[in-house]
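Please find the structures below.
Shared chain: chain A. Partners: chain B in the first complex, chain C in the second.
Up next, the complex of A and B:
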């Protein structure tokens, strides 16, 4: 493997601390992913990406920067990639998913902030993630209190634009969101020096729809029994999509989907037919957070769908490609993005409808609602989720955890008991 | 035909409980110690001394050390086992299990688990809390409860075991009566267990299992907070092991 130390040094990274992170990742990845049996061949691409996760893509991004392209780091699905892509910018997801970054985040954040925010701030301030170093501009959004305040800290260190999220989904809120997208468009245009036109925006919409369709095709394969791919592997594909080139992401997902469709025709699965099927819902699982998937899939069940930001919310709902004028396109973007049902909205009944719809579509035997510690929004919403699922006759288990592995065995007891409960 | 034994081994964090059902019923308890593997070996030895051999037994292990019982036919979580044990007599009930490191509330409908909740990593509201506080008062757990029965509870407001211990030291230094501190400790646990239990439906007979289930004062203190009658489960601290033995029989059928 290419030695990347020179590149990391030029990025101003803390090489010593970063080496510690690089040393643990291969073991974790081997234990969790490579130990699985009968994996689809199409996963080889994603394994390769992880094997040099802080090398391959960062090197590509640096090359693109040299050609004058700008890299935008984002933290949320509501930030429309289409605008950035239309202006010839590049999007890279920046959410931190490792306990490794949490202590650096805790230096500046209160204890009772969620691990995702702590890890994201820690990855930047601790200078231990190349993606956080490479991004020319961060794009924040006002989805929760923790993030709002975190932007103020990150903004001292890097150019940062914040999109003001609506809290409700009334017509006037969606209009306001269109206004935010318009303003974002201007910021991106100024920063990249490229105008967003109806033509290049249309091309961007088509490209990102293509990515959604390809990934959704992989997700759809999980409705089969036996299941042709593990939940872990689909999660990995999704996590990598956040920082990969959209066209390559679509190509790889389509290739994987083709293989899975062949597997379904041949009745090939990675778990025995009749394995208990779990739908996960809740807070996002940023790379390398594979904790719940690993516990569930080594406790005798399979994850068949994730109703969350690193799941169906990323791949469902296409942007309407028909409008060819800017106004219509911005409306179409706002409409698409407001279909995501995050707990930051009130009310958020749409999420419960999504969970029930997906549980049925993916033939889930049970739902596990798993939230990151200190996420007040999702934690509070779990009551409604539980009540609605119980009323629909779908067993549900609510869990709360963080990136630390010390509660793994206690979580395993709950998960195993839940699977036993499913019969 | 040889006698078949159905054995449940509940390898808890503090104590291992064993129930063997054959032509008669045998039960014993031993400290888990620092190694579940060693304890599992000792249990096997003890069973063999009684003439119970694994080859003519069906064994289900449960509890946090369930995977350490290598000779078990199956490992099942304590949640399912407690339910299976209690459901023999009460097919619809709510079980409150206060264990050494975990506290659980299990809602059982028609003899199957319908819902359950378990405490977080924190030890407040578990047997560990009582154990630490008994040490602080310089007495055994059973003595703590008999003291408590004679006292009027002092207020202990901390949710954290470590902070609660500091609070108790404060009470001791102010010369508060041991009985009153003991009563405060028990009430504090009862309140925390109640907060947890109320997240599942608490209906039907409410049964107390686990290491404190033989203490009527504790059941009464819990009942006061839960505003219902809490009774000791028929199998008490053996409820998990008994349930595992019941499941061992089911598995073999």
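Up next, the complex of A and C:
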């Protein structure tokens, strides 16, 4: 196999530490994904990407950099990819979903910060993530206190732009958000040396809507019974989308969706008809965080939908493609991104409405509200989620976990009891 | 005493070769999977083809007939265990 060590060395990575991660990934991936039966053929692409996740895409990004393109590492769905793509930049996700990176993060952050932030900072400072090494600029946002402080650390040796998120969704907040997008546009233009015009912004809006539509098509197939694809396979597709070229992502998702639609017509599923259906809601699951999906899907149920940033929030709501002038396009971007209902907003009733709407649309038998430890926003919001779901007659289980393996048996016991209770 | 299944990992120089053989093998209806290369098979991370014991002969035939490019085939005791609960 192509030896990536030279590339990683040139990126200044800690090869010895990184090698430890490379050694464990195949086992975890095999246990979680390759132990499944009758997976769709279209998953082969995603299996390939994961198999060389720190090789194939990083090598592509480096080639693009050599051609003069700039790479922007982002952490959050509120950062409008359209602006970067319009300026001929490339958006990439960054590492943050493994316990492997947490200890390096804890060297500079308090232990009671969520594992996603600790892992992200650890991946950067430990020099064990090629995407963090490649990105020319990081784009942060003010969605939580932990992140706000993390930017001060991450911005020490890499250019970093922070988008100031509104905390509410009043008209004046949306107007403020348009201002943030305008400022971001100027930063991107200066950094890339490419002007964002109404024409290239329109093309970027159309392209990223195409990605959303393709992925949403895959999600829609999960409404069927039997379910033609497992929750963990859709999670994998979604996680990889954050790193992939948007056009290729749309093409692969459309190919997968076509296969799933054929499966639905033929009554082919990956779980027996009537398997209990779970909607997952809560904090994001960055690759390679596959823990909850795996526990649920090896405990007798299937995950049919994720109401979170690595789920429907990424694929729902298109940007209005009709405006052809810059002002209208920026308004359309602001409107679309403000439709995401993150717990960083107050009030955030929209998220609860989303959970109930999606639970009905995907015929969920129950909801599991799972939050990463020390995420106070989602942890606090679980009370309202629980109360609203109870009122709607939808069973709900609230869980808190991190990336560690040690609570797996406890989680499994609780999940199995919940599924049994669903009847 | 429990007998352990043997799986075979076809190793390649690059992911393009891996996908080419994967597609050729799948066109013949042989059940194989794309897999990360286990550390026991190679020190380099990368894409390999996971073949069960009952399919390995058909895969070898496919390689011969298509002239597919690959490095070597490594037999290993089955690596997957869905109840191990060891995450990354």
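FYI, the second predicted complex is superposed on the first by the 422 of 423 C-alpha atoms of A that agree within 3 Å, B and C clash if a C-alpha of one lies under 4 Å from a C-alpha of the other, contacts with A are read in each partner's own complex, and residues count from 1 in each chain.
Following the convention adopted for this analysis, contacts are C-beta pairs under 8 Å (C-beta built on N, C-alpha and C of every residue); 3 or more make two chains touch, one makes a residue touch a chain.
If you're wondering where the values come from, they're calculated on a predicted model, not measured in any experiment.
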Touched partner set for A:346, first chain B, second chain C, both or neither: neither
First, second, both or neither for A:409, with chain B first and chain C second: both
Residue contacts on chain A - larger count, chain B or chain C: C
First, second, both or neither for A:50, with chain B first and chain C second: second
Contacts of A:20 with chain B and chain C, given as first, second, both or neither: neither
Partner chain in contact with A:417 - chain B first, chain C second, else both or neither: first
Which superposed partner A:400 touches (first chain B, second chain C, both, neither): first
Touching both chain B and chain C, residues of chain A: 409
Chain C residues touching chain A - in the complex, by the definition given at the top: 11-15, 18-19, 22, 26, 33-39, 42, 44-48, 50, 71, 79-88
List of chain A residues in touch with chain B within their complex: 400, 406-407, 409-410, 413-414, 416-417, 420-421, 423
Contact set on chain B toward chain A in their complex: 64, 76-80, 102, 112-114, 116, 118, 120-121
Chain C contact footprint on chain A (complex, rising order): 1-4, 21-32, 34-35, 39, 41, 44, 47-48, 50-52, 54-56, 97-100, 288-291, 294-295, 298, 403, 405, 408-409, 412
